[in-house]
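So, here come the structures, one by one.
Note that chain A is present in both complexes that follow, paired respectively with chain B and with chain C.
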Partner chain A sequence: MLRQVGSRLLRLVPVLFLITLLTTAMVDLMPGSPALAMLGDQATPEQVARLNEQLGLDRPFHVRYWDWLTAALGGDLGTSLRMGLPVTTAIAQRFPVTLEIAVLSVVLALLVAVPLALVAGARADGRLDRTATALSSALLSLPGFAAAVLLIYLLAVRARLFPVGGWVPFTEDPIGNLRSAVLPALSLALMEAAVYFRLLRGDVIRTLQEKFVLSARARGLPPGYVLFRHVLRPSLFSLTTVAGLSMGRLLGGAVIVESLFALPGIGFLAIQSVPFQDIPAIQGIVVVVAVTYVLVNIAVDVGYSVIDPRIRAR
Partner chain B sequence: MSRSPRRGLRATAVAVATTLVLAACGGSGGASAGPVDAQPARGGTLTMAIGIPARSFDPAEDATISSAGDATRLAAVFDHLFISDPVTGEAVPHIGESIEPSEDGRVWTLKIRPGVTFSDGTPYDAEAVRFTYQHYVDVGFSPEARTIATWDMAVLDPLTLQITTPEPNMHLDKLIAQSLPFIVSPTAMRADPEGFSANPVGAGPYLLTEWVRDSHEIYTANPDYWQEGKPYLEQVRIDLVPEAGQRVNAIASGQADVQPPTADADLALFAEAEAMGLTVHRQDQNGGGWIYFNNQRPPFDDVRARRAIYLSIDRQQLAEIMQGSPDARAAAGLFEPDSPFHEPDLTLPAVDRARAQELFDELAAEGKPVDFVFVNISGNDVNTRAAQFIQSQLRDMRNVSMRIDNIDVTAARERVFLRRDYDMSPYPGAYRYPDPDPGLVNLLGSTGSFNTTGYANAEVDAALLAARSTTDVAERAASYRAVQERFLADLPGMFTFTPTLTTIMSDDVTGLRYTSRGLIRWDEIGFRPDA
Partner chain C sequence: MSSVMQPAPPTGSAAETPPTASRAARRGAKLPLWVGIGWIAGLALVALLADVLPIAGYDEVVGAPMQGPQLTGEPLGTDAIGRSVLSRIVYGARASMAVGLTAAVLGLVVGGFLGLLAGYFRGVVEATIDILAEVVQAFPPLLFLIALAAALRPSLASLTLALAALIIPSFARMTKGSVVAQSSREFVLAARAMGASHWRIMFREILPNALMSIVAFSVVVMALLIVIEGSLSFLGFGMPMPYPSWGGMVAEAKDRIASHPSLTFIPAFFLFMTVYALNTVGDHLRRRFDVEQSQL
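Moving on, here comes the complex of A and B:
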C-alpha cells in the first residue's frame, strides 16, 4: 500500500509541471494584462508599460515561468499581483473555508443518502423508493447555484434562519460559523445526495440478490441487521469513488456557490484572480487543486482496502 | 453587531422612501444629495454590502474612484478635502476651507481648515496636500497623475497651498473635489511606504481596524475626528457581496443596512428592492450610458455612418432594454433639464429608419458599406443587451452588418482604450458629469483622458477651453451651446439611457449624503433615533 501511495505521489510531479505550465501559457495568451485591471479605462500605453515593468511582466514567458518554478520548488508560490500577499498565505487563509464547506456538504449528503438508499433499495419499487427516486431525479436537475438561490430566499430572506452570505471563522464564533456554512453546504449537498442515493440504491439492490445475503436471511437474521452488516459494506465501492471525486472537486472550490455566498474560499479566490490575470495566484490555486485531487484519490484507494480487506492482501 | 431593521408594511416603506426622495430633491442644501430627514442617533454598527473587494488603501493606487470599489472605503479613512456636489459638481468646502482662482485662472490658492490632524496626530496641512498629490505623480496610476505632473505646487504657509497650472482653468476646484479628495499622512507614508496600502492613516471619521481580504473590513469611529460630535456610528462594517441580487437580499434580511450609491443600470433590481420594502434613493445626473464610435477608421470615420446608426435605433426602447425597466429614460441631450447648460432645442436625433436606410445606401454606393464590429464587454448584462438590441434593429436593413465580439473587461481595455481596435463599443457603466468640467472636457476634448472615440474638432476644443476660462454661467452656457451644436452635427458617440446614482438601504438608515462620484459622506450617515 505504501509503495502504491509513493508511486502516486511521484506521478504528481510531472502532472504539476504540465498543468502549471499550461495554465501559465493560457493566462499569458489571454488579451489584456494585470496592469490594465489596476489602471482602469484611462490608462495610457506608457502607464501600462511602466506597471508591467514594475510587476516583472515585461520579461519573456519562459523566464517568468522558470523563476516561478524554481521558487515554487522551495515552497514559495510567489506574490499575488492583485493582493500583494504571498500566494501561500492567501491560499492558507482560504483553504479552511473551502475544506469546511466541502466536508460539510459531503457529510450532509451521505447522512441523507445512505440511510435512504438502504431503505429504498431494500424495498425496491415500494412507495418510499418511488418517492425518493423521483425526488432525486428532481434534485439532479437542480444545479447548486439554483438550489442556493431558492434556499437563500426561503431560509435567509423570508425565515431569517441563516445569513444570506458571508463567513464567520470557527475560532471567532463556532455557532456563527455553522450558521454561515449551512446554506452553502446544503446547496451543494442536495445534488450530491441525489447522486449518492441513486448509486447506492442500485448497488444495494444488486447486493441483496447475492447468495450470502440470501444465506443470512435464511439464518433468520433481522432485516435491519442484514442490511447494515451484510449489504452496506459490499455496496459502498461506487459510492466511495464518487464521494471521493466530489470531495476533490469541492476542495478545488465550488466557484459559483462560494461567489454567491461571498465565502472567502479557494473558488472565490480563483474567480477574483482570473479576470485580474493574477498569474501567481492562479498557479498557486492550480497546484493546490491538483495536489488535493491526487491526495483524495489516494485516500479513496486506502478506503477501498478498509471496505474490502482482500484488496490489501493483493 | 448590526441593528436589526424593523420593517413595517410595504406601503409605509414606500411612503417613507418617497418622502425621503422628495426631501432630498427639494433642498439638498448644496453639499450633497440624499435622504437626510432625521439626525442620526449615536452608536451602532452599520453594515454595507459592496460588490468589489478592497485592493489598496493608498488613494494614489485607485485609478477609477468608483463608489463600488476602493473609493467608498477610502472616504471613511481619509474624508474629503472638498465635497463634489452630486447635482451641480461644485466644490463645497469641507477640510479644505476655500479654493480660489486668480483672475486669469492660472494660479489657485487652496486653504486648509486649521486644527485638523491625521489619526497619527500629525497636522493635516498644505504640505500634506502637496505631498499626496506628488505621491499620485510618483505612483503614476491615476489619470489625474498626468494633470498634477503639469502643476507647480508651492506651500505658502502651513495652511495655504498655491497651485499654478500651465493653462487657465477656472474650474480646477471641481477636479480637485471630484477626483483628488483623499489626503494621506506624509509621516505615515514616509515611515512605511510599502505597508501604507494595508495600514492607512488619514483624517477621516473612521479608522480601519480589521481587513480580511476578499471578505470584509471593520472601521471604528475616529475619537479625534475634526468635526465635534461626529461620526455618529460606533463602527462600520463593509462586507464583500459580489452578486447584485445578494446585496439586495442581504439588506432585506437585515444582514446589511446599505449598499453604496452606484450608477448600476439594472432598474429591475431596484424595483425588486422597493417591492421588498427597502428604501431606494435615486439622483439623476448629466451624461448617459455611452457607446463609442471609432471616429478614426471606417466605417465610423464618416459622420453619415454614425448618424445612420442613431437614426436606425429607437433609443427609448434601447434604454428600456438596457436597464430592464419601462421606467428607463433615453438621454434626450447632453444635459438634464435642471442643468444651467440644458438647451431644450438641442436634442439627440430621433429614430428615422427610412432616412437611415438612405444613408446606408448612399455609403454603399460610394463603396463604403457599414460593416462593423461591436466590441462588447462580456459579463455586463446591460452592455450585452444593448449590443443584441442594436444588432436586431439593424438586421432587416440593407447595406449594414454588425458582428459582436464578446471579450472580458481587461481585454476590452487593451483593445478599445489602448489599441483603439474597435468600431463600436460600450463604456462600462454610465458616463456622468454633474458639471461639464472636467467630465465633458475629458470625453469630447481632443486630448481628453476619456476621448476613446478619437473625436477631434477645433471648434469643440475652443468652446471647451472658453467655458473653462470663465465662471460666468451665461458665458459658459454660450460655449457649451456651441459644443452641443457641434456634437449633434458630428455625433461622435451615442448616449443611451439617462444615468442615475442609486442607493438601496434599510429604512433604519438616515443621513445618507454622497458626492458626485457616489462616495458616501461617512461623517453624516447613521441610524434613525427611533430605529
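Moving on, here comes the complex of A and C:
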C-alpha cells in the first residue's frame, strides 16, 4: 500500500516538470506579450519593452524557468502579473470557494443517485427504473453550461429561489452563502448524478444476484433492510472511484460554472489570467490542480481499504 | 467546466447492461437509433448545404431585433441585433460538425497510431506515451484549450488542432488497451511464427481486429468534442466573431433569458439533441462490437 502511494507520487514528478515547462513556454508561444496585454494597444514599443524587462520576461526561456523552479521548490510560486499579489495568496483566497462548490455538488449528486439507484436496481426494468435510466442518459448529453442556464431560468429567474449569480462569503452571511452556492453546485451535480446512478444501478443489479442476498431473503429479512444493509456496501466500489475522480476534477475549478455565476474560485481565476498572459498565476494554478488531482486519487485508493477489508490484507 | 471534459462513461456498454435487463429496457433508455441517425444525417446535410439553402446570411440583419416568426417571417425569429436565428443555427451546425468531426478524425489517426505502437511494443515506447498522455491530462482541460487556442490565434483550424491535441491521449490509451488484448491472441502468434514483420502484424493482423471498437469510441468522442467546442464558444474563446456557434449563441442570449428565453433555449436544444444523437449511435456501435468480440 505504502509503496504504491510512493510510486504514484514519484510519477507526479516528470508530469509536473513537463507541464510547468510548457506553461513557461506559453509566453513565447502566445502572440503579443504580457506587457502589451497590461498596457493596452496604445502603449509605445519602448514602454512595452521596459515593462517586459521589469517583469524579467526579456530573459531567455531556460533562465526564466530555472528561476521559477528554484523559487517554487521553496514554496514561492511568484507574483501574479495581473493582480500584483503572491500567487500562493491568490490561490489560497479562492480555493475555499472551489472546494465548497465541489463538495456540495458531489454530496448533492450522491444524495439523489444512491437511493434512486438502489430502488431502481431492486426493480430492474420497472417503471421507475426505466424513467430514471432514460432521464440519466438524457442528462449525460446535456452540456454543463446548458444545464446551468436552464437551472438559472427555472430556479432563479422564474421561481426566484436563488440569486442569478455572485458569491456571498460564508463569514459574512452563512445562509446567503449557501443560497449563492446551491445553483452552481446543482448545475455540476446534474451530470455527476446521472453518472453515479448508472454505475450504482448496474452494480446493485449484479450484487442482488449474489448468494448472500438470496440467503438474507430466505431468512425473511425485509426487502428494504436487505437492500440497505446487505446490498449497498458491496455495490459501492466503482462508485467510490468515480465519485473520488470527479471530486479531484471539480477541485481543479469548474471553469464554466464559476465564470457563469461569477464565483471567485480557481477556475474563474485561471480563465481571467489567460488574456493577460499572467503566466505565474496560470502556472501556479496548473501545479496546484495537478497535485490535488493526484492526491485525491491516492486518497480514493486508501479509502478502498476502509470499505473493503480484503484489500487491506493484500 | 471540467466535468464536461471526461469522455462520457460507457453508457449501456456490456459492463453496465445487467443480464436481467430486457432488450426493451435497453431500448427505452435511449433515443431510438433511427432518430439519432436521422438527426445527425439531417444536420450534416443542412450544414453541408448551408450556402445554397434559402436562408439569410449568418451575419445579415434581416429585421427588428428579438422578434418572433410572425413579424419577421423568420421561422425561429431574430436575435438581439436582428439576425436570423435559423440561419445562425444552420451555420452553427457547420462549425460544430466540422470541428467535432475533424478533431475526432485527427485524434483517431494520431492517437490510434501512438496507441498501436504503445500496445504492440510496450516497454519504453509505452512509458513515454503514458507520460505524455498524463501531461496533457494533468492540465485543466479548458485551460489547456484556451491557452493553446490563444497561442495559435483563434480560428477554425487552431480550435480543431487544440481539440485534437486534447483528445489524442484518450485515443492512445483506448487503442493501447485493445491492442494489448489482441496481441496475445493465437493469430498474432501464428503471424509471428510465420516470420511476419512488426509492421505487417500491427497493421494487417491487429489493427483490423481492434478498429471497429476504436471507431465506435470516436463517435462518442465526437459528441464530447462538440460539447467542448460549445463550452469554449460559450466562454468566448471559440470561433472568432461574428461566425455563429451554438455555444456562443447561448452566451449571447443568456443575459436576456428572462425576457426572451427562446433565444437561449433554441441553440441549447440543438446542441443537446446533437450530442444525444451521437451518444446514442456511439453506444449502439460499441454494444454491437462488444457482442461480436465476446462471440469470437
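Throughout what follows, the second predicted complex is superposed on the first by the 302 of 314 C-alpha atoms of A that agree within 3 Å, B and C clash if a C-alpha of one lies under 4 Å from a C-alpha of the other, contacts with A are read in each partner's own complex, and residues count from 1 in each chain.
Please note the rule applied: a contact is a pair of C-beta atoms (placed from the backbone, for glycine too) under 8 Å apart; a residue touches a chain by one contact, two chains touch by 3 or more.
All values derive from a computational prediction rather than experimental measurement.
*Asks:* Please tell me, clash or fit, for chain B and chain C sharing chain A in the overlay.
*Replies:* With chain A as the common anchor, chain B and chain C collide in the superposed model.
*Asks:* Going by the touch definition up top, name the partner, chain B or chain C, that contacts more of chain A.
*Replies:* Partner touching more chain A residues in the overlay: C.
*Asks:* Can A:305 be said to touch chain B (first), chain C (second), both, or neither?
*Replies:* It touches nothing on chain B or chain C.
*Asks:* A:152 contacts which: chain B (first), chain C (second), both, neither?
*Replies:* It touches chain B and chain C both.
*Asks:* For A:144, decide between first (touching chain B), second (touching chain C), both and neither.
*Replies:* second
*Asks:* Thinking of the overlay built on chain A, is A:259 touched by chain B (first), by chain C (second), by both, or by neither?
*Replies:* Touch status of A:259: both partners.
*Asks:* Have a look at where A:250 lands relative to chain B and chain C in the superposition and call it first, second, both or neither.
*Replies:* The second partner, chain C, only.
*Asks:* On the A-aligned overlay, A:297 touches which partner chain: chain B = first, chain C = second, or both, or neither?
*Replies:* neither
*Asks:* Applying the touch criterion given at the start, work out whether A:52 contacts chain B, chain C, both or neither, answering first, second, both or neither.
*Replies:* neither
*Asks:* Identify the partner contact of A:198: answer first if only chain B is touched, second if only chain C is, both if each is, neither if none is.
*Replies:* After superposition on chain A, A:198 lies in contact with chain C alone.
*Asks:* Quick check on the superposed pair: does A:240 touch chain B, chain C, both, or neither? Answer first, second, both or neither.
*Replies:* neither
*Asks:* Once the two structures are fitted together, what part of chain A is touched by chain B and by chain C alike?
*Replies:* 30-31, 149, 152-153, 157, 259-260, 275
*Asks:* What part of chain C is in contact with chain A in the complex they form?
*Replies:* 1-6, 8-9, 11-12, 15-22, 24-25, 28-30, 131, 134-135, 138-140, 142-143, 146-147, 150-151, 153, 223, 227, 230-231, 234-235, 237, 247, 250, 254, 257-258, 261, 264-265, 268, 271-272, 275-276, 279
*Asks:* Under the touch definition given earlier, write down the residues of chain A that touch chain B in their complex.
*Replies:* Per the touch definition, chain A meets chain B at residues 30-34, 36-45, 47-48, 50-51, 82-85, 90, 93-94, 149, 152-153, 156-157, 160, 163-167, 259-262, 264, 268-269, 272, 275-277.
*Asks:* Which of the residues in chain B end up touching chain A in this complex?
*Replies:* 53, 55-56, 61, 63-64, 140-141, 143, 146, 197-198, 212-216, 239-243, 245-246, 249-250, 252-255, 276, 407-415, 417-418, 427-428, 449-450, 452
*Asks:* Mind pulling up the chain A residues that touch chain C in the complex?
*Replies:* Per the stated touch rule, the residues are 11, 14-16, 18-19, 22-23, 26, 29-31, 124-125, 129-130, 133-134, 137-138, 140-146, 149-150, 152-153, 157, 188, 191-192, 195, 198-199, 202, 205-206, 209, 242, 246, 249-250, 252-257, 259-260, 267, 270-271, 274-275, 282, 285-286, 289-290, 293.
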